[in-house]
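Paired with chain B in one complex and with chain C in the other, chain A is shared by the two complexes that follow.
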Partner chain A sequence: MTRKFWVPAIILLLFFLFPFLISGERFSIHLMEKNQAPSFSHLFGTDWLGRDMFFRTWKALQLSIGIGLLTAILSTICSFFMSTLAMLNQPMDRIISWLVDLFLSLPHLVTLLLISFTLGGGMKGVVIGLVLTHWPSLTRILRAEMLQLQQTTYVQMSKKLGKGFWWRAWHHFVPHILPQMLVGITVIFPHAILHEASITFLGFGLSAEQPAIGIILSESMQYLSSGMWWLAFFPGFVLLIVIVLFQLTAKGLRNSLEKDYSYGQITRN
Partner chain B sequence: MTRNLSIFVVKKIIRLLLLLLAVSFITYLLIRLSPIDPVQAYIGADMMKVSPEQRAAIEEYWGLNESFISQYVHWLASVITGDFGTSFIYRTPVLDVIADRFISSILLLAVAWLLSGVIGLLLGAVAAMKQGSKTDHFIRGYCYLLLSTPSFWLGLLLLMIFSVWLDWFPIGLSAPVGITTSEITIMDRLYHAILPAITLSIIGIANVCLHTREKMIDVLKQPYILQARANGLSGLALFKRHGLRNMILPAISVHFASFGELFGGAVLLEQVFSYPGLGKAIVDAGLNGDVPLLLGIVVISACFVFLGNFLADMFYSLVDPRIRREKGEAGL
Partner chain C sequence: MIRTKNVSYQTKAGTRILDHTNWEWKYGQKIGLMGKSGAGKTTLAKILAGFLLPSSGEVIPPKERDGVASIQLIWQHPEQAVNPKWRVRKILEEAGEIDQGLLQQFNIPSEWLQRFPQQLSGGELQRICIVRCLMVNPSYIIADEMTSMLDPVSQAEIWKQFMHIVEANNTGLLVISHERKLLERITDHILDIEELQG
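Now for the complex of A and B:
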């Protein structure tokens, strides 16, 4: 692992941990200080209830990062199981491929909207919706990889030696697929965060009491024409920075994984 | 030749019908499982005035007491005859609402699709031709930045800059306030669509640009490019004669396949610019529990995505003689 991975990763971790240090007092309502433009005492300004936007944004960011990580990990696990199931037999493979096509046949946002609608919004709806919309594309990749694996001599031999399907899945597929799954998590994470913010912005996601970037931005819409630009600018900008930082971390991780992989191949030959 | 093509089209259409059937069934199931009470959603604020007997009568009339499957079959049967039901919030047939909104949306989507396609293709080609240079780094950095940008936030920023500060564009709606539908000119519609369309195209550029760049780099590695370079071709002439022709097909096909993302982007931006298109309608339908409209738009959006993928496939076999021949030999 190089510095290119650690530096953005540590900044992200600090971003995530920072809100734990903020006392609830910092972003509570102070009507005396409402609608203030950014200044040194309020870096991101304050809203129409006098809440400090800097601390509110950071609290929201923590929630976003948490949801992003949770859904990225869950949907990667989900696609691992789906692609493993597809290896079980031919009909199963057909069913799973068809399910992948089915889920990809609607725009992500529409699927998310439907699932949130069904589950009545809230955290649960967002997480389940995000997992269900993000598993198909990774499943496609993992399935293709496993199809190749299944044809290799050692997996075939292991089958002939009487090892069961799940034994083979655990001992042969998992170690081989693990790097791809890690990369999968890093690819899904930014998508998941952006989609969470989007669906919340539309009013289907997290409830209005929770500090979320989507909520903050949709509330700011009503104050745009009165010139309170800071309400919209800063929260979105910080979200952008988090995603860029994460892309950098992911790139660093991918590079070092590839290096390990190619090194392993050279020594094996 | 044409026979093969028609078999291909027929196969695709059967596939579409199967997909639509599955999508509509799952959507119907999801909506049934939702906590929305259709009677309450329909009656709205007057719910208190409805007696339990009246309520039971409405449920009876709508067939809410029947089993789920028979309800679905009823719905499907009426959809096949072209009746999507009546929208709760607009009190007009769903198909009329969709048709009306679709015209507004298609304007937005078409402009954004064309703009982002042309600009993305050009940027991607430039980046690939100058691979490794400062220009390449700049274009790639710009694309990655765009991919990390929440589209609705970009919309909010542009709205703030161009509509609130500079006052160049209107803040919302697809036509000026205070005139009737018949007085709306095409110019009015265009004027109101400019800012959302620009935002949507800015977001769309990143994807096309990165794909084009990758394809172009692949093309540039080919032996015929080396030969062309050895023959003394370089720069624009090389690009026009050997690069563009080989890169443009996959690039355009990828762009067709991005209809889903385009639609998702439009849903968000129509909300930001309060532009009355399909996206705004689906959000309103979802928030107000307007089940018939929601179902209708979900089906339409599935068709839209399918159309994109279909065009991406068709485009190849129509334009590229090599693929046409291969498919012909394989009997499709």
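Now for the complex of A and C:
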């Protein structure tokens, strides 16, 4: 299963593309059919406004996957640049380490709220806020890796052979830290979705009419006590499936990157 | 010319390896360096090549050409001197366009170019490192136990080819080895590391 990373990747892509086929009509308000339990006409039931939860969940999933993936990739790139800059010289290393400590000393959510609020909320505020709060821990790991790499003979030799700093960063560092970066993306992805949900819940994130998994989950909180379990169960379950699929993809991708293809046979798994 | 001015080096444990060493290495001079294990031969090599900063004093190196150092070190452990994630082709290309003539002189089949370093033996990898060093055409080469991983027959073959190129280019050469016979044959002058201390 892990060898064929494209299998979960394709399922994930289908999850992402399928909602484009859903017209807005499908999950619009039908007050006649409100608060219905799951049935064949409404697979995931309907909410207190009679909106079909099946289609709403898929639409929300699309937005959440988009935000999660975008932020995970952007903040991993951000960590890579920050940790590479830290290798430039001693003062730069101090500055970056200080920044990492500064961001880690504040609770994620507080920084996230501040940044998102300053940028005026919405998609832009959420994405930038998430990127700026999720880079520090990965930067720390990458910096430690790179410090070790910089001491190796072959990197020092590369300098003597006349290769510049950015050349060395790209050709020597990237192949070594790519597995760590992929792990970073896998870890940040669910984090980003959940944080997006929590700031939306607090009212600083996306607007309420944009269906995102976080919004659906936080809205359903008020109705759970009245026995409408399907409002939270299905969206939550689908989110879980997406995260598992994403991790399978990343794991498979990592394995295939680490394989040794020099003779067409595999010497390292 | 490379000069060391009052160079001292002290290890973190406090052992003095070099003590106020003043030394000159003229262009084209071929020197052999001997000494007991742990006497500081490799440390001296690293300091001369700029891999290590001396505790005090300074090394005046030759001028660089386009950022490429004119003094190159052939490392004692070849497996540490190449990126394990790269194929041999890329390792050689780091020093510029691959010179097919050099590959033939050092008996490197082109099939090796697509291998990874761990698929070559230490001796084979050492030859790759020698070729990489010669490709940038340095004015000075420090060969730190360069053939210690090869059998005597291929050692002789490698040295023959190596000296052929070094003599044609009038390259300065510092050979670190435990074999006096070898040093007597290829160098003008044999130095004991203890002569440099003090």
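In this section, the second predicted complex is superposed on the first by the 226 of 269 C-alpha atoms of A that agree within 3 Å, B and C clash if a C-alpha of one lies under 4 Å from a C-alpha of the other, contacts with A are read in each partner's own complex, and residues count from 1 in each chain.
Here, a contact is a pair of C-beta atoms (placed from the backbone, for glycine too) under 8 Å apart; a residue touches a chain by one contact, two chains touch by 3 or more.
In this text the structure is predicted, and so the values were computed from the model without any measurement.
Within the superposed three-chain arrangement, the count of touched residues of chain A is higher for B, of the candidates chain B and chain C. Shared-chain residue A:Gly164: touches chain C; no touch with chain B.
Of the two partner chains placed around the shared chain by superposition, neither chain B nor chain C is touched by A:Phe173. Contacts of A:Phe55 after superposition on the shared chain: neither chain B nor chain C is touched. Contacts of A:Ala197 after superposition: chain B is touched, whereas chain C is not reached. Residue ranges on chain A touching chain C, taken from their complex, read 152-158, 160-164, 171-172, 175-176, 260, 262, 267.
Across the interface of their complex, chain A is touched by residues 49-51, 64, 66-69, 72-73, 75, 77, 80-83, 85-87, 90, 94-95, 114-116, 119, 132, 136 of chain C.
Interface of chain B with chain A (complex): residues 19, 22-23, 26-27, 30-31, 33-36, 144-145, 147-153, 156-157, 159-160, 164, 171, 260-261, 263-264, 267-268, 271-272, 282-283, 286-287, 294, 297-298, 301-302, 305-306. Residues 101-102, 104-110, 113-120, 190, 194, 197-198, 201-204, 213, 217, 220-221, 224-225, 227, 229, 232-233, 236-237, 239-240, 243-244, 247 of chain A are the ones that touch chain B when the two sit in their complex.
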